[in-house]
Each structure stands twice: as C-alpha cells, then as structure tokens.
C-alpha cells in the first residue's frame, strides 16, 4: 500500500516551546485514523502543519508521494486536502447558502452548483437555516457548517479537528455515519476527537500523541486498553 | 415556610433582534445543586445562559437570585451579585496572558486573591506551567480550562457553564465533574450545566432539564439520568 | 570641542525628532491601539491642550500648571466625546472615522469663528545653551527625556497595575469582560479620556514652541498615525522603538539631504518597515 | 438700479484663514463705504463671497461656479500663488476681469488679471541691498518649497549677486514641516550675516519661536512675514527680533491716511487681530475698480479693462496714492521698511515712495499692446 | 438604479448648463468611490490610496496631452495611457502589499504613506528642471491648460466633449462601470471577496488564493480612481498635488462610509450628495459651512448605522410595503 500522507521527523516550536517533536506518521489511502491525546499534546498543531498553516521547524510532509513542505496552504487544498478547524472558522456575515456556494463552485461545474448545494443542505440538516447568517447560528450548527465546508471540497484527504465537539448525541452519531460513508467512498480521513464513543464508532486505527511525540499507535482496541494511555489521557473507566 | 431557592427563573422569554428563541423557561436551582440542561443543537440552551447573565435582554419573565430580581441589571452587576458565566467557545482574552486572564476574574474579590489563584492553579496544573503564555496561543482544551478557572477564582454563588467539557480530554472531564460536585457541595454553590457530554452529566448532575424549542420540556431525576435507554429517547426527541 | 558639538548636534536632532514623534503618537496609540478607534479628531485634542495651556499661562498661571490644565481639559473633552458619540460606534469602528472626522471639522471651524484665527503664543522656557559653534534650546533638549518618562508611566499603568489588564480585556472582548464583572463603559470612557489627555499633553508641551491656531492639529496627525502603525499591534511596546527608528532616519536624512528628504524618507521608511515586519516594529519585542 | 456683482473667492477657513480674514473684511468695508455713498454709477455693489477653505481644488470648483452661475462683473480673490494659478485659467477662458490682491512672487503678465499686491522688484530690490549694506554680504534663504518660495528665492539670489554678495545657503522647506531644529543648525554652520525667511502658513511659522529658543540671533529679512500673518503679534517677544520686512502697508504705519483707515476699519471690525498689507491691497482694489468703472462709464469688462489700461486709474488708499501700471497690470506702491524690535514693536527705518512694478514692463510685457496670459520669472523672462 | 440613470440622462432638459456642468463634476468622483466601495465593502481593504491613483492619472493625462496636442487621438489615448499607468501602478503596489503579507490597517497606512510621498514629491516640482517634454509639473501650483476630450467631427472640425456632452459622456461611463461592477460583485468573484473580508484565514483554507483576489480588486479600484482622476483633469484642465493630500485622501473614505460600505449605489449617492451639499453650504452657509457639514455627517452616522444607501433602501421598501 502506498501512503497518501507521510511525515518524517516533523517538528514545530514556538519561541522556546517544542510543541511538535519529531512526528513520523503515515496514513494509507482509504484509511480512517483517529488521533487522540491529552490537551496540549500538539494534535491541532500537527494538523496545521499538515495543511500548511504553520511551517515546520524541521522535518517534511509528503502528500501522494510529493514533498509539500514548502507548498502554500491554498495550494495544498488544491492538491486534495481539506480541513475542519477545531474552532469553527466561518464567515459571520455570509449566509449558510453562500458558504456552500463558495465551496461547491470550486469543485463542480456551474450548472450543477445548485443541485449540489441542495444535496449538501439535506445531508447536513441545514435546509431550514439556509438563509441564516452564519454568525447567528448556534454553536453546534456552526460546527456542522464547518464540517460541511470541509467535506464539500471533495478532498482526497479530510482532516477533522474535533468534529463533534458541541454536537448533540444524535448529531454525533449522524456524523459518525457520515464519516463511515465517506470512508466507503474511498476517502482518507484523519480525526482528532476527545469523544471516545465517537472514536470507537468511526476508528479502526488510533494514534496517540503526547508531548508532541507519537506515544502509541495501533488498532483501536489495543491502544485504548493500554494502562499508560488511560493514565495520561482517558482517566478511570 | 418555603425557603426561597438560590436561583428562580420564571417564564423567561428572550431572543435576538427579530427572532424569539426562549418561549418561557421556568426552572429553579437550589444551593449545592447541579442541574444539567440538555437538548439538541439550536434549541436555545446558550441563549438561556446568555439571558441569565444579561448579555441578552429579558423580554419578559423573571430571574431571581435569592429573591432579588436580576432582569433589569447589567451583566457586570449580575456578576458582582454572584453569577459566574463560562460561555460556549471559551471567549478567553486571547492577547492577555493566562495570568492576566485570571486577574480579570480575580477583580471580583475584595482581597488580592492569592489563595483563590493558588486553588485554581492547583486544580488546573497545565495553567501553572503557562502563566506567561498568551492565552490565544493555548490549545483548545487548555483554553477551556482557563475559562473555567477564570470564573472559579471569582467565587461565584451560581455557576453558569456552557458546555465546559468541550474539547477537554476525558480524564480532565472526569476531574472537573468531581470538582464541581465537591465545591457545590462544600460551598453551597448552585450550578447550571449545559452539556452534550452525557458522561459529564451522569457524573456531575443532581437533576436534569431537557430543552426543546426554547422551553424546558422534561425534568429528569438522577435515577432517570442513569437509565441510558431513556436518555437516548429523550435526546433524540 | 567642535567635533563633540557636531556629534551632539546629531544626538539633539535625533532626540528632537524622537520626542516629537512619540508625543504626537501616544494619545493616538492609546485610542487607536487599545480601542481600535480611528480617531481623526486626534489633532483637535492636541489643539485643545495647546489652547488651554497658552490661555491659562497668559493669565499668569505657572507654565507646568498651565500644561497640566491643558491635559486635563483635553481629557475632559475626551470624556464628553466618548459619552456623546464614540460610545455608540464601538461595534462599527469604521463609522468612527466619519464621526471623528466630522467632530474635527466642527471643532476647527467653531474655534476659528468663536476664538479667532490665532492667539498670542508663549516663549520657550529655559535659556538656550551653547556648544561649539552651535546653540541649542534647553527645553527641546529635555523633551526626549520627558517623552520617555511619559512612556514609562503609561507602561506602568497598563502593565504593572491591573487597570491595563482590565482595559485590554475590555477592548478585546467587552461582552465577556462585562460578564466577569468589569464596568466596561467606565473603562472605555477612562481609556478614551487617557488618550485624549495624552494628545492634550502633546499640545501642551509643544504649545510654547509653536503658535496655537485652530488648524494646528493637522501638523501632528500624519506623524502620529505613521508612528503608531509602524509600532504595530502591540502599541505600548511598539511606539518607543518605532519613534526611535523613524526619528533616527528622519533626522539623519534631513541633516544630510534636507527637510524634503527627511519627510519623504520618513514615509518611505514606514512602507519598508511594514513590508519587512507586517505586524510592525512592536512584534520584534513580543516573544517574551 | 441693478447691483454690480463682485465675486470674492477667499479663505474664511482652513490654514490661510488667519491671514485672509482681514482681507475679506477690508473688501466688505470698502464695498459698504461705496454703497453708503451711492454706489458706482448709481449702482450698489453686491458682494458674492464663497469660502474657498484654503483648498486649491475648492478654488477651482467655486471659481467655475461663480463664473458660470453668478456671472459677476469682476472677481477678486486668492491668497496663495497656488490658488491664484488654480483659477487664472478659468478667468482667462471666460475673459473675466480678475483682481489678485496679494503680494506675490511676481511675473504674472495676463490680460485679464490685475494685481494690487507688491512684487519682488518692490519688496526685494529695496530690502536686500539695504540689509546687505547694514549687516553684510553673506545671505541664507529658507523658503517654502513651492512656486512662491522658489521664485522668490530666485529673486533674492539674483539681487544678492547683483550687489556683490554670496548665498551661503538656500533651503526649501516642504509646507508640512513644523520642526526646524535641523534648519537652525544648518544656518549656524553656514554663518550668514542675515537670513531671508520666505515661510508660508501657520505650520512653518513655528520657525520663529524655535530659532529664538535656540538662540540663533541673526537678523532676518522677508517679503511676507509680519505684513501678512502678523507673526510679531502672535509670537511672544523676542521671537521676531530683528526681522526686516518691506510691506506696502501695515497697521503700524502712522500717517493721516492710515490712521483714518484704521479708524473706519475698527469701527466695523472691532476685534480684528491685525490690519495687514493685504487688507490695504484688497481695500484699494475695490476703489480702483470703482474708478475704472466710472472712467469707462460702464461695467462692460472690455471697457473697464481699457480704462484700467489707460494709465490714469489711481486711488488714495491707506498707504497713500497708488496707480495701475498699464503695461503689467500691477500697482505702484509706497514701500515701508518695517523693523521688528526686541519687544516686537515696529519702527520704519526707511520708506521708499512710489516704487513702480517695473520688471515685467522692462523685460517686455506690455498688456496694453499685446495680450498674454503667462507667468514669467527672472530665469524665464518674456520673449521679445 | 437603471431608472435613476435614465432620469439623469434627462436632467439637462431641466437644469441650467452651469448646473449640469457642476453635476458632471460631482459624478466624476463617483468612480473612485465605487472602486473604494468594492475594495473596502467587499474585499475588506481600506485603502487611503485612491487619490494617489487619481493624481497619477491626472498628471499622466496632463503630461501626455500637453505634449501631443488636443486632437481626438491624443486626448483619448491620453485617457487610455493614464488608466494603463494606474493599472500598472496598482498592480505593482498591490503585489507589494498583498504578496508581502501586509494586512488590515497596515494597508491603510502603507497606501496613505505612498499617497503622501507622491504628494510631497509633486509639491516640490516647482522648478523648471521638473518638466516632461513640454509639460512643466509645476509643483504645488499644479498643472493646467490640458485640452478637453474631443471627437472627430464630420467637417474635419473636432467636436469638444464639453458641458452637456461631457456630462453625458461621464454618465455613460458611470452606467457602464456601475453595471459592470454589479455584475462582477454579484458573481462568485464577489462572494469569494466577501469571504476573504469576513475571514481571510478560513478562505485560504478553502483553497482560495486570497492574495490574487485582493490584488485583483485593488487594481480594479485603483484603476477606477484613475478614471476619476482623468475625468477630473479633463473637466477642470487642472490637477494639483493637493488633490492627493491627506484631506483629499480621506474624502472617498468619508463618502463610502456615509453611503454604506457594502452598497455601490450608496457610494454613488453619498458622493454626489456630499459634494453638492458641501458646495451649497459654501455658497449659502459662508463660514459655517464646515460646521454644518460636520454636524450633518455626524447625524447620518448616528442615525443610519448601515450607511445612507441601505438605510434609505430599507425605508423605501418599508414604505412601499404599507
């Protein structure tokens, strides 16, 4: 199997703080990987390094066999990556519809745009809010919108940073189903999440980050059973 | 003789310019009680808390703290009267350092608050290591912990928590829950806990209100909370 | 001796430039940097400080007290402006451009109509001193030190006592600050008044060296904006190095190539600095 | 009868208002006096004043409006050379009779323009040789960096050279500069015998207090200071000590004509800060126009211009008798050498009577014969 | 808006020539305002540089036509040359700004600095050495005597595009620019710009090259300001450094802010209204003109939070609903 994404010795420090500290990581095409780890472990920073928002202080990122360490973020999106940030980054003054239009017109032909938007609205349960300004949405709906934008770009590699934080139980499950479906379509997905039920629902492989390093790596069951993982992260069960 | 409850909310209505969200919420909160408020995304949970703290104007109804009507007061007066609010999305002051964020919380006290600060830091040890870091550069979960600590140092009598577990690692969620139980018990603090994380609700709440369409539609007892099947039905509404 | 005098003359020119840039900028740095309000009436606060200083000094009030009165008057004007107008515009900052510009128009012209086109000025205090073939104004030689002292006070106010924390918290997120018990409206007013008072201070300090006329503020405003923005997002840390750098370049260029080169050089430097440090000079000092 | 319309474009606000307000008031005074005595040819004068706000583009805009909409019989106005040049093309195009009532850098040879202010051959040819005689032959010029300053500086340079002196320095100051520390030191380094200051506007006037504070202690000469913006009244002594200026009139002139003028002026504008030379020029201009209309017996522009070019249009103004020079459309002037003393009182060490605006005429401008609309300088004189 | 423009075409039937001429003058400025509104309201770029382009175009037209004469070919190619120059300068400047990572208020100050450098420089070109060909730059006094636009007439005589003709020409251009801008901003290009204004960071992560979009709208706006500059120069045969300076540079911002940043019709209306108002105030308010002007602006800002355009629009729609 060829890895779709691979990092070697990836490091990032801010001032003196070494936040990501030599991560070697690879994910194969079509895989769904959950990245977990304590608060401040460097998960979001890792994702931002992948999408290019931060420049690594050392190490490299390869995407589909190509070194993209020096490629600008928007070009990486063009290559087929897309991200949902931990904090929903929406355009407060634009309506939900406009958000989707913005995304959709980048990936489908002009005459298909409106059909595709309708499809997305239904898929993400946003039909009733389609004309609401995104700034006026409830927190959960903002998360939803953010996920829909990331998915709507039809990437090859989807990065989701805490997609279900703040989503109700039902919507969390719905998201899980969605991810499974996307996986079935062959999409490669990386998810950071603290909601263990969700992780169990979607994940097969788990990577645990801790202190900017890969702490544990392997099949879901095995990793979550480990005592050291429980100690640094899961707590008592 | 009936004792006046700590916080009594009667038929509360409010909303945003042009759209009414709360359609008459009634609930009571006694001392040492932790009341969870659950419900699907967009039903008005955050709106309820925003109205209680006074960010949103009360259109009708009453909010009484120890029998004193708060509804005509501004948020700062309500805070001084004893309401402590942790908003959804953290809303820490990003350009202030962690220490300065805490100092803003400390100005509620007459004293210098050295012991309160110490208490908060020992409870959230990540913060101690990062006192001089700009709060905006902290990880999501760290920021959430800061937001909670910032209110706790001000020694509120009623805590209004809007999804405090969001983005926080499972083990710390557990300890926050335990701590809430402990301080509400020992100090007689009342807590209104808006949550999506059922683990947290189970661990901390003494009782639970289910909201839908701007109203409290159901009250659940501690026992009912532990009945997973029942919960599932309620949340799916 | 003459060599020394020449060297000192460079230092003096630099200090002069530095003091002028710093003092013109401080009021704006507080109002624009801390509150985000683009205050086009900055020059009119300067004028207010100068007028009050001159008028009271003419009445026989000792100069330092007259200057203090000038500062106080500007601060009060700031309170009034904030309460009446700026307050309503915090969530639409761009409208504050129009509003403060309108206030500036009204003030300038109303002053002209009601206070006349000019008032008799004051003399610069202190005797001049001689060094080699040059003579220098003692008052001006002291101004850079005064500027630094003012900056130090501000720094103390904003970073060492909690007022600064509260003010910065309010400005970053007023709603949240209010929810944590801060009286944000009072903090806004105080901060605006502080900025206005500092602008008044520039007017008061320079009042003895220029004539007070209704349009005098416009002479300060470009330098003020340019210094503040070059200083960057972190206003208080930025203003000092920005003024020092700009002052150095301006005085160096005008010493060697004339005033025009100084003026143009100043503006070009700003462009270059922002190009190299998109967040301003202050960002160099951010990594604590 | 139908009023005679006098359009007035002057700055009642902005940077120049300080120096222009007395001009406006003097115009109003003259108009009022004439109307009180029955007007011109039995017709009253109606003043149409637009405030040009010290803004050149406003001048342009409002001049057009005035010419096209109000169609006045004559237009007065403009303070700075730049504002005059902004509206002169409009006047020329409309063949509008236009009076510029300000001292300036000289050289405007324009059929439609009459100038009542003093020019370099009146102000510098008197002042500079006198100062060189008294103080020495090394001269330093600081001047506002635009046409007025540059051309005036050219005049100074030329006259200094003709009189065997040397320019030890020349510095042009952008209009927005208010800080003169560097300039003061440059002057100290060059060690001139006196400084020619040709500074314009409030901002640049900060030089005087600053040079005093730094103890520059040199005599100064100027064509515009004191006479226009009364710096000696606005600055505290001794900021302008030993300033020598050659206005064609200032408030301190103590003659029966002057005192009578001041009395009338103050009766109407009691708190005018200063009655400047431009006030006198503006005042004279109204009477000169009146005289010309009466001579032409009509307000027809061509006829009035013919009358003005006849060579006998004069008026007895605050500074004495002044007459229009037909060749150049400029005015003869009595020039006062005003010396500002340490306490800022004024003395007049010398008076030159009836100096003609000879330069343009001598170098080939003759508007009575040949139409023109150019501005000339010593380096660029009229082609013969 | 179409109706309004049609109505404007009919106006000369009712107005005196001088009033039409004056109205043309006011309309001349609307291009700079439309450009700024597109830049600022849609792209979130607050530029103080509109008058720099305005001045550049004015001087370019002046230098070009003073050298090449007043034939129709010379004047119209003067217009084109001026616009091309503005386009290029905006491109270079915008490249420096956006590809150099300059953001927010820093853009405002960089553009302001450039404008002031240009102004200060032009103001000191008084000497005879500052001439390009036959055209003296003439410093603070400004350049004058540029020829008007003209069209080749039938009999070999050129028809000058002056007075009412000039008014029609400007109105025609305005119509074209207005509908063109509308079309541009209503497209996904406009939507993309808005997303960049709202959250540049997020927009970039949607795969949008934000720098390119910002550069594009900056060049668009700058070139429109250039169009204003050329037309102004043609209208008055005059261009001066003070039409670039601080006071002038603030004017487009005041107009656009008053009109409502995001409203193109608002910008047009506010520009014309404020210009007419300020003239009328000068004429009838004498020295109180500026005070009254200030007071009116204050009132508008306080009473119409969305700006004049949107506020009027919502008033009208509310009235018509009744």
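Each chain carries a letter (A, B, C, D and E) given by its place in the written order, and its residues are counted from 1.
Going forward, a residue touches a chain if its C-beta (ideal position, glycine included) is under 8 Å from a C-beta of that chain, and two chains touch if they have at least 3 such contacts.
Remember, it's a predicted structure, so these values are computed and weren't measured experimentally.
Engineer: Chains in contact with chain A and with chain D: which ones?
Structural biologist: E
Engineer: For chain E, which other chain has the most distant CA centre?
Structural biologist: Most remote chain from chain E, centroid-wise, comes out as B.
Engineer: Between chain A and chain B, tell me the centre distance in angstrom, where each centre is the average of that chain's C-alpha atoms.
Structural biologist: The answer is 29 Å.
Engineer: If you average the CA atoms of chain B and of chain D, how many Å lie between those two points?
Structural biologist: Roughly 76 Å, centre to centre.
Engineer: Can you give the whole-Å distance between the Cα centres of chain B and chain C?
Structural biologist: Those two chain centres are 43 Å apart.
Engineer: In whole angstrom, what separates the CA-based centres of chain C and chain E?
Structural biologist: Measuring from centre to centre gives 32 Å for this pair.
Engineer: What parts of chain B, by residue number, touch at least two of the other chains?
Structural biologist: As it turns out, chain B has no residue touching two or more other chains.
Engineer: Considering chain D alone, which of its residues make contact with at least two other chains?
Structural biologist: Each of 13, 145, 172, 174, 176 in chain D touches at least two other chains.
Engineer: Where in chain C do residues touch at least two different other chains?
Structural biologist: Residues 108-109, 112, 218, 222, 260, 263.
Engineer: I'd like to see which chains touch which, written out pair by pair.
Structural biologist: Listed in label order, the chain pairs in contact are A-B, A-E, B-C, C-D, C-E, D-E.
Engineer: Which positions of chain E touch chain A when the two form their complex?
Structural biologist: My answer: residues 188, 191-192, 194-195, 198-199, 201-210.
Engineer: Can you list the chain D residues touching chain E in their complex?
Structural biologist: 12-13, 49-53, 55-58, 60-62, 64-65, 68-69, 81-82, 85-86, 88-89, 145-147, 149-151, 172, 174-176, 379-380
Engineer: Enumerate the contact residues on chain C facing chain B in the complex.
Structural biologist: Residues in contact with chain B: 162, 165-166, 168-169, 172-173, 175-184, 288.
Engineer: Mind pulling up the chain E residues that touch chain D in the complex?
Structural biologist: 16-19, 21-22, 25, 120, 123-124, 126-128, 138-142, 144-145, 236-238, 240, 242-243, 247-248, 279, 282-283, 286-287, 289-290
Engineer: Which residues of chain C touch chain E in the complex?
Structural biologist: Spelled out, the residues of chain C in touch with chain E are 38, 40, 85, 88-89, 92, 94-95, 97-99, 101-106, 108-110, 112-113, 218, 221-222, 225-226, 229-230, 260, 263-264, 267-268, 270-271, 274-275, 278-280.
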